[in-house]
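Got some structures for you, see below.
Look at the two complexes coming up: subunit A is in both, with subunit B in one and subunit C in the other.
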Partner chain A sequence: MTEDRPSALSRLNGPQDLGRGPVFWTAFGVVSAALLAFPLVGSPFYLSNLAAFFLYVPMGLGLCLVWGYGGILSFGQAAFFGIGGYLYGVIAQNLAPMPAASLLGLLGAVAGSVLVAALFGYFVFYGQVSAWIIPLLTLVLSLILETFMGQTAGYQWRVGHVLLGGYNGMTGIPSITVGPLEFGGASVALYLLAVAMLLLAYVGLRLFVNSHLGYVVVGIRDDAERTRMLGYDVARTQVVIFALAAGLASLSGVLYVSWGNYVNPSSMGLYAATLPVIWTAVGGRSSLLAVLVSTIALKWLADTLAVRGGEYAFLIMGALLLGTMLFFPLGIVVSLARSWRRRRSVPAGRPEAGRGAGDRRSP
Partner chain B sequence: MSAVAATTTTGEPLLRVEGLAKAFGGIRAVQGVDLAVARGELRCLIGPNGAGKSTLFALLAGLEQPDAGRILFEGEDVTRMSPFRRVRRGICLKFQTTRIYRGLTMGENLTLARGRRRGASSNGRLEWALGALGLARESGRPAGELSHSHQQWLEICLALATEPRLLLLDEPTAGMTPEETALTADFVVRLADGGITVLVVEHDMAFVRHVARGVTVLHYGKVFADGTFEQIEANHEVRRIYLGEE
Partner chain C sequence: MSLPYLVSLLYQYADNVAFLLLAALGLMIILGVVDVINLAHGELIMLGAYTTTLAYHRAHLPLPLCMLLSVVGVGAFGMLLERTVIRRFYRDRLGALVATWGISLILSQGTLLLLGPSLIAVPLPDWTVSYGGYSFGAYRLLLFGAAVGVVLLAWWVFYRTRLGVRTRATMQNAEMARAVGVDTRRIYLYTFGAGSALAGLTGALYAPTTTIVPLMGTTFVDVAFITVVVGGGANPILGALTSSALLALISTPLSTALGTFAGRIGLLVAALAIIRFLPRGLSGYFHDLQRRRMAAART
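Entry: the complex of A and B
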């Protein structure tokens, strides 16, 4: 029998993700240290760009949890990113002169998104909506919010003294500020905050998926009825991970607003709603590590493409998704990791990380 | 011990089913089943294909909602209770086809099944079962790589890990060799003697004969006959509808 209560350390190293053992964790430590030390050598321009890639990682990892581990394909991450951004803007701007305004904004934004997700999830999961309907419902959630925020131009659309701004979006939102430290777009502080949130989200979720509840999540993905027949409240677990993912997306939203001092409805539009799905599918949804890497890489790619002629970025991202689904159904990073491991011919005493998810093509 | 006698001599039965009915479209799978199962009883449900056995199990486990009738477990009406709550009350179903987590190891399967219930209250029944079925050494293997019979047994152990008081076994010996069937039958008898109430749907008459306890025959969604194995075996009507004798 396996150990019933593994220690936090062995749980972190648990089988539900790629990358285990001392070599991996040494490399992980070195990369983390390098990221944290980068401001010593990097220019503000690079720091700002990197921060803008890193801040999307919590949103991507949230979808990895919900879709890759939980089996629920959601286009709702963009909705919660947007809700986070707008809520933060409304709260922080209204409380502006207060020293704690931005922190209250951050808390309110995350709490608000989690609440909306829990409510939405309650109806969807307790209503036992079929799995294939959920992607549509979550997409509709994102698009409705985009459409609604798009028509909020004009003075009558304001909360307190903050204008919602319609399609032009909400501007002049203050960055997160703690005492004298301002986490603005080109600051070292924001870069470090983005790195810290990236590491925290990754390590935290890795602990989560290797915990007992994490196994329940994987069990629900593999066979929901079986898991119900072991006495688990499947719907409640699904609401919990859906809300957790929403919280992570809203964290990304707040970081984005703190970075750009700006949010607009297109952050909840079709393209924005599809991007996290592309990151997760292309990297490999069965692995948090894969999605961490692919989120940063694809965000970089999309930005580079946009700079070199924006109209093709959409097409290339779509082609990438299609190509991955056809040739690397497990995801590119996961496929590479597996072939690398096979080449090193490590005896496969147990099944692969993030097992099972890749075999299931449907959401 | 006669099943019929057991239900009449002890007070409130563990499970009481009254007028249970379920139709799928125009097909009336279960139509007015009455059943009482006493504590500690081991009862086999038999009947031709389409007699409503699996539907009855699905209704008892809460996977389907009945159109009419009531299910009382320990005197409590659980007819509308969700499946996971019934498991927590002590009703657990072993699925007909194996529904183990094939990608997880056997040990992980059991850890998941046991959940927060571990150690103290489990009175070692699960460990005993793993030993009796020869599964104890397979803990580290991916469940999908176990042999067919071991998968079936693991499925039973998953149900046992929830510490049921009423265990519903849907065809526990499907696809097993005669030796494995006999071992399973012995195992089920010992489970019942250990205090778990067991209902078994089984096609294999060798199993039913081996178990040799109370038998309920379902036919066209109704209870057709009820009695000891000997009574049922001697019943000409049952032999005609089920055993195919003219």
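Entry: the complex of A and C
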């Protein structure tokens, strides 16, 4: 078997996502440049709002990886987001006067979440459980963590000198600080950091899903038994992507805390656990790009709903999820992209007959 | 250890078993037969509790009649759900799980908007039984009795009726069952209805004991999910029975000594440890054991 190693560039353009070719990458470059240049014209208010949408993208893309590409439905992203936020809060606040406190907090938070996810994944994936067990247990994990953090009110619940704070949450957490740069709520620095993390997560995951290991992940989704017979370690691969997704979720958690200087148990609760699943389902779980778009769009929608008519938020999100599953099982963004591509390619005289990779249309 | 103390421990154990069994049995029957996880199960329990409470306070019906209304109403609602939504996902079972999650959000928030943040609960019948200085709530004993009754009823339907034979045939091999003339779509519809009716019953039975709020379903489902995972879908009745008996054995001492929360953590850890070695749950393990014994008997 000869192994030809594709260059990083051709890997990036690989078949495991929507959007290929020079036109797409030009558009991608223009949008990225526009996002990075936006602080030149945008007001701090807009920057702060946009940063609050962008920082959720790593968490959404993580779920896209495990669910869309790996076939593992997880409600655990919110739990890892919360673990990341709380760990960062505890570490950064305890080491506060130290210059490296927040960086150590970031490292500790991501490492902690990855460790918890790997431990959880070890039990679940090495047992080769049925597909429905993982969503149930991750949902229970989120609910239990929320209940646990909710009852930590009072002085006896503290780590070092930091109070966990019960349902009111942990407050006064310092933003990420590197030298003179402080990545606080309304700062240009945090906005740029959020954009950088968004681009890094997208490009990195796109490289990952088009790599050898990425193909193994997709192979496991399509037929785990076959992939095992071909000699791949299915359980280990699943643990790796589950932990990777958890790391991305905790990164989002740390960015959120750096943005708001605060974290509370409802960031791991029922509604929070649902949101990444809704982003991924509505966008289209077979495409990282679609989930990136839908995460930002739906986070914006949720915030708009929270401002006016917060009581309808659950209802609208639930209806959106149900409607997508019934009428657009591939996801709304992916369906739109397909119909657009079809319309463009039909006049050119080559109707698209084949079904794309990762396409599992339910009849 | 005195005898009354042991009796009080046994009482708490029975109470926990009943809770797990009633919360999980409907979910497990649907999983076993239809192979779908209904994430809206908690909200169906909530609807059962709301139906009973509203019928009691607004229509002034006697409590047993209110509960019957819950069972029938939620069962019918479940059949409606199967017809309109679940049926479309029989080729994508994980999709059904996500879709029912959407339904659960709509139900809990819709209830909040329609009926407000809480209802006044049905008064708990204040019958007590005292023994050796301890006093026991008789309603709790009644709940345990109801749980046992429901299991017996399910067992009777599964193993002693024609419908049960068809249901077990569908579970074993749906295509073969269809080939010999079983209408499996109808079996799925009835099973979903029965599982939902059990959720309605659970809600009705626990309505006098808890606060009636739109999110009350979650207090049932987190333990119900663990019970289902540990029990497995291979044999819902045996699975629910053994799983709730085992899990209550773990959670009773933990929650008595360290509080409800420790009990729940203990359940999650136990579930993770059990599926590491018995990935198909207790009932899957028994199923394999039985098969092996039958294979050995044949040779």
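Here is the rule we use: the second predicted complex is superposed on the first by the 341 of 363 C-alpha atoms of A that agree within 3 Å, B and C clash if a C-alpha of one lies under 4 Å from a C-alpha of the other, contacts with A are read in each partner's own complex, and residues count from 1 in each chain.
Basically, a contact is a pair of C-beta atoms (placed from the backbone, for glycine too) under 8 Å apart; a residue touches a chain by one contact, two chains touch by 3 or more.
Everything numeric here is computed off the predicted structure, so don't read it as measured data.
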Of the two partner chains, subunit B (first) and subunit C (second), which one does A:L270 touch, if any: first, second, both, or neither?
second
Tell me which of subunit B and subunit C touches more residues of subunit A.
C
Would you sort A:W132 into first (subunit B), second (subunit C), both or neither based on which partner it touches?
second
Which partner does A:R228 reach: the first (subunit B), the second (subunit C), both, or neither?
first
As the complex stands, subunit B meets subunit A at residues 61, 63, 82-84, 87-88, 92-93, 95, 99-105, 107-108, 110-113, 115-116, 118-119, 139-140, 142, 158-159, 161-162
Okay, in this complex, where on subunit A does subunit B touch?
1-2, 4, 212, 215-216, 218-219, 222-223, 225-234, 349-351, 355-356
Which of the residues in subunit A end up touching subunit C in this complex?
73, 120, 122-124, 126-133, 135-137, 139-141, 143-144, 147-148, 151, 270, 274, 277, 281, 311-315, 317-323, 325-326, 329, 360, 362-363
Contact set on subunit C toward subunit A in their complex:
31, 37, 39, 85, 88-89, 91-95, 97-99, 101-106, 108-110, 112-113, 215, 218, 222, 225-226, 228-229, 233, 261, 264-265, 268, 271-273, 275-280
